[in-house]
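Chain IDs A, B, C, D, E and F follow the sequence of writing; residue 1 opens each chain.
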Amino acid sequence: MKIKVINPNTTLAMTKGIEHAAKSAARSDTQIVAVSPKMGPASIESYYDEYLSIPGVIEEIKKGEEEGVDAFVIACWGDPGLHAAREVTDKPVVGIAESSVYLASMLAARFSVVTVLPRIKTMLEDLVDSYGMQKRVLNIRTTPMGVLDFERDPEAGIEMLRQEGKRAVEEDNAEAILLGCAGMAEFADSLEKELGVPVIDGVVAGVKFAETIVDLGKKTSKLKTYKYPEKKEYVGALENFGRNQTTTK
Amino acid sequence: MKIKVINPNTTLAMTKGIEHAAKSAARSDTQIVAVSPKMGPASIESYYDEYLSIPGVIEEIKKGEEEGVDAFVIACWGDPGLHAAREVTDKPVVGIAESSVYLASMLAARFSVVTVLPRIKTMLEDLVDSYGMQKRVLNIRTTPMGVLDFERDPEAGIEMLRQEGKRAVEEDNAEAILLGCAGMAEFADSLEKELGVPVIDGVVAGVKFAETIVDLGKKTSKLKTYKYPEKKEYVGALENFGRNQTTTK
Amino acid sequence: MKIKVINPNTTLAMTKGIEHAAKSAARSDTQIVAVSPKMGPASIESYYDEYLSIPGVIEEIKKGEEEGVDAFVIACWGDPGLHAAREVTDKPVVGIAESSVYLASMLAARFSVVTVLPRIKTMLEDLVDSYGMQKRVLNIRTTPMGVLDFERDPEAGIEMLRQEGKRAVEEDNAEAILLGCAGMAEFADSLEKELGVPVIDGVVAGVKFAETIVDLGKKTSKLKTYKYPEKKEYVGALENFGRNQTTTK
Amino acid sequence: MKIKVINPNTTLAMTKGIEHAAKSAARSDTQIVAVSPKMGPASIESYYDEYLSIPGVIEEIKKGEEEGVDAFVIACWGDPGLHAAREVTDKPVVGIAESSVYLASMLAARFSVVTVLPRIKTMLEDLVDSYGMQKRVLNIRTTPMGVLDFERDPEAGIEMLRQEGKRAVEEDNAEAILLGCAGMAEFADSLEKELGVPVIDGVVAGVKFAETIVDLGKKTSKLKTYKYPEKKEYVGALENFGRNQTTTK
Amino acid sequence: MKIKVINPNTTLAMTKGIEHAAKSAARSDTQIVAVSPKMGPASIESYYDEYLSIPGVIEEIKKGEEEGVDAFVIACWGDPGLHAAREVTDKPVVGIAESSVYLASMLAARFSVVTVLPRIKTMLEDLVDSYGMQKRVLNIRTTPMGVLDFERDPEAGIEMLRQEGKRAVEEDNAEAILLGCAGMAEFADSLEKELGVPVIDGVVAGVKFAETIVDLGKKTSKLKTYKYPEKKEYVGALENFGRNQTTTK
Amino acid sequence: MKIKVINPNTTLAMTKGIEHAAKSAARSDTQIVAVSPKMGPASIESYYDEYLSIPGVIEEIKKGEEEGVDAFVIACWGDPGLHAAREVTDKPVVGIAESSVYLASMLAARFSVVTVLPRIKTMLEDLVDSYGMQKRVLNIRTTPMGVLDFERDPEAGIEMLRQEGKRAVEEDNAEAILLGCAGMAEFADSLEKELGVPVIDGVVAGVKFAETIVDLGKKTSKLKTYKYPEKKEYVGALENFGRNQTTTK
């Protein structure tokens, strides 16, 4: 099967890392295609970045339909555009935050998230609440490092995660740690060994969940919420989004 | 004061209607500027449309900074891009859904929303929950009519709203009716008379709340969640969003 | 328009302060009438005081009907008698706690309240929950000072608010501060400057929301919950409450 | 022991009925004193009536302190003034709504309330939510009959309860029925036989819970929320409430 | 009346202590029968122990039917098997955790639980949530001592409870303390004196609630959730559970 | 890998069906071992049956440790003993209800469950709530058929599911249907075709999730809630549960 992993930001070095993580988790007969959108931000660290990454994500989903993709993974821990992505295709689409919390809840009774800048705490709190996980998530721990700081200085990154992960275990009593950014996959194994609790990277979780749903032959429900978008005109820089739509009408 | 009312869709006839409603509610010394974005969908009836309307909305917010705008109203009942808009400016930004539910809760103990197509019910449920109104909102009633159907055939529109409004009062015991689309302002008064309960149009509510916040001299908190976006590169059709940013760095 | 601001306690010096705050926020064509009830407690710092302030509040609402009042503001951060007030008049009635949390949620993603004695914490927690704001309110911070202590010793008062406000910002990560007592209006501006986040006084918020609702021509829904009280006999010291009622029968 | 049962309304015929129910449930060595306040409404059917009944209720609690009362029952299904009552005495105070829902939840997984006029539905919904029973209470069923209609025409009353009780069992799948008014005790037994599920009258539940708490030697916590009210001046018709207070200072 | 108090663990010394507490609280005309099951764990400190205690508890409930028991108390602070117990008998069954939280909520606005090992915190959190008490319970405080450590070394036990109880009052602002284990009854009185807030032992609370429900002549609803189990075959070590069932068929 | 699928009831014909479904979903290199416990009920249709199935389930988990099992699936839609199972092994254990709701929430915005007898509705409601799915699950639809009726008369079974599934789609607007019993796998495909929405059988979902977690090399967190049970004596018919324990001490 073919799974398209979309890194919603446009930093290709990070996409490479995500691709690596995805391939290491995928089955040998699963083809991983990892991409960044053709438009959007270099990293996602605010509502602004998140919303502006979505057009590019949707475009990649739409292209995926023609590319014979069987399932999609949105590889950013805000799950940007997830619900819209489910509208434009009937192939399964999973987010890495979503996959992380569901996976974690099958391994641990309570857990914490460790992520990037403090400003995204509210965004992630509301996200995990939307997945019904408010009681299970003990804390969203942020760091002073941005998304690309983890790319640029992985040593500082792992040190920061180690520190916050330890505090999550000791102060929150977190029974698992969720890495709240798609660029942290490489740190998961060593952290897990050090911390002694499951450390969950969303990219690998998302890829495996995508494989699972394809194996089960399931597709997104097209009954109501996730029907194909209504056909209509789009103008300006986003004009193409109104064209060649697979739509309900 | 100058209030910019942004109709997130690109249907100018609808923007005209919104402008008319906004002006009729604004104080004589309030200048209303009603616009549609330069890019995006002709109407918003799905997550797809909603997310794709946001870049255009943000662009209008940013332009507003240079235009000397004192406050912004996002005039679509999904409040698209509201949190991002609060990041790019320190001027108050209010959504019409948000304004509607807060206003309604000061007039009625329980209420229902009447809106467009069934597919957006989930979206609106999650939205009113995010405002803490899950207990007060009895029902989100949808109609078979799309956003622009109400523009094209106002007579059918009012008839549909009358019918669902009546059922909201009789079956839900709704003590107020919220019109769940920016293009329904013109119907509010006659519906209110017929139904005997407050009928709330979000555009006028949003404009008045915006005036109030400006009068109070309040600005959006820039401490954490709504800080200016981090400065970074944007590529492709959205390249401009990385340029000339008012940012934290 | 004429807005009656009811300070539910009987301390006229405090009513003067509230009147001053209300007038400073009101439009020039808005007439502010600030009163204390003819019966009740000198301050409200318990359920006991709160409930016993309500008969006096209701009396003032009823009188307001004859005085040509267009809207009412209940100026105590427990919103005492708010729902009953909405029964005895069809003019809009807003509470200052209610107004504060709705206003704050349009300016900040998360916030804390700073108020008087520790014993009222439970009362205020339950109140903000009833407005659906449990997720947004990070903390109700109390001080060892009572309501009238803030009147008697404003210097100690501002110092106390400064201290708790600072802890709210630093420890709670509050993005706005709500002053949880009607007698704190005078401190709002200097606190806002010092703390660097919106500081919200409920009296001015309430007055502006009242103006807004009158401007919109909206009245309280009389369909069900807020119908006029059933006509019936009242005895004893409250005998008058059964007389000359505007009632449903 | 001596239990004072306070019917918060001033209709003595109803107080008699409540006294009868209380005595029939009390142990032989429990002395029941049933009273109505000296001031307030003839019945409670709105927020207005509810709040205006509270001063009279509090007065009776305070008198009870001198009368050697061991525990108090507030015998109206809105539990008016319950939290204030717990402030003015350290003797246990229980409400009949509170007692009913806790008792019911030890007998049935899900249940419905049958009560008087439609207008009080919101009030009772918010009340049962405040006791954490939102998931257990399936429905608050109202009837077109007021409180005193049940006194005046018990035959119509029982018929109405039978009808709504039956619908609660058949349509809501209620596994117990709670009689949502203090004047319905006399109907409980025959309804229980007919409906085949527990039918709970709050007055007898409240009296037995009060006995239990006295037996256990427990008193209301005076640490924080329920401390004695702060000593202060009261004016006007409620002047006495500031006098001879048992207070914290 | 005859109340059977079931200590779900098989440590008879602890059952003796529970019997003592139960008898000290029961009325003189109440016969207390305290037992341990014939099978199961020596103490309950995990989901494992809890579930494995349930067959023994159910067996004791069933025997109670023949022994002329009027009501049952399940004396472990996890309320093991409570819902199943309500299926196999129509006599009232109360759990001591359930009784504790309902009793506490009639005495205090907010409270904390002090219990045994850290590992059961999740279990107790989910339990109090299931009783709707998430807002009232401020904290579940655990200790490094197991259930039988409190039996073996009561002096260390009381010291531990004193310490955590004090922190509950000072740090959580708990207005009552709930002893989260059936073997702590003996410590309740002295702790209450020291801490100055109600200290609630579940065994005595459960016994008194059981007496109350018997006095009221109420039985468990057999309409739906708590119907007698369906008759069916059981095999292996639990074979007897399929025999001589009082069942619906 | 080796996955042990435990049908918690002792009806081997049903275990065969579950094995068939599991094998059809498993990868070719996954070995499925499907068993029924050596003790317990022939079917699970009450709290009684559910709790009494748990000792047998736990025994099978423990045996699995010696059998070289890599992961466990508990194949009953009440997920009996799930938390205890996670204590006795560090291999992943998933429940089929849990798997179903997480899978469904990646395919559909809102869904309903169709299951056996009405009496288990409360049990399943509380279960899906414990997974945070209260907002997504629109309805738990029951049928007059018991678990084994579906085995005995599959034609009546499919007809019943078809009927309730249709009502779920039409009346609840369910966008997916969850089959709320392990014995319904065989009906899933034809129902999905007829109803036009995803129809989810928990057994196949559980098996695939188990494979995924094994692939990811993840194990249950042993930090706190799911630590191995404390070592202790067990007596009577369950005596073996105290022996040869893998425990924390």
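The rule we apply is simple: a contact is a pair of C-beta atoms (placed from the backbone, for glycine too) under 8 Å apart; a residue touches a chain by one contact, two chains touch by 3 or more.
The model shown is predicted, which means the values in this text are computed figures rather than measured ones.
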For subunit A placed onto subunit E, the superposition rotation in degrees, Cα atoms, nearest 5: 120
Same-site or different-site touching of subunit D by its copy subunit E, using the half cut: same
Length of the line joining the C-alpha centres of subunit B and subunit F, rounded to whole Å: 44
Whole-Å gap separating subunit B and subunit E, where each centre is the average of the chain's CA atoms: 52
Touching two or more other chains - residue numbers and ranges from subunit C: 83, 109-110, 118, 121-122, 135, 173, 224-225
Contact footprint of subunit E on subunit A as seen in their complex: 109-110, 135, 173
Subunit E contact footprint on subunit D (complex, rising order): 25, 27, 83, 92, 94, 98, 102-103, 105-110, 131-136, 169, 173, 175-176, 196-198, 200, 204-205, 208-209, 211-213, 215-216, 218-221, 223-226
Residues of subunit E that touch subunit A when the two form their complex: 118, 121-122, 125, 129
Of subunit A, residues touching subunit B in the complex: 10, 37-43, 45-52, 54-56, 58, 81, 83-84, 86-88, 117-119, 121-123, 126, 130, 146, 224-225, 227, 229-230, 232-239, 241-242
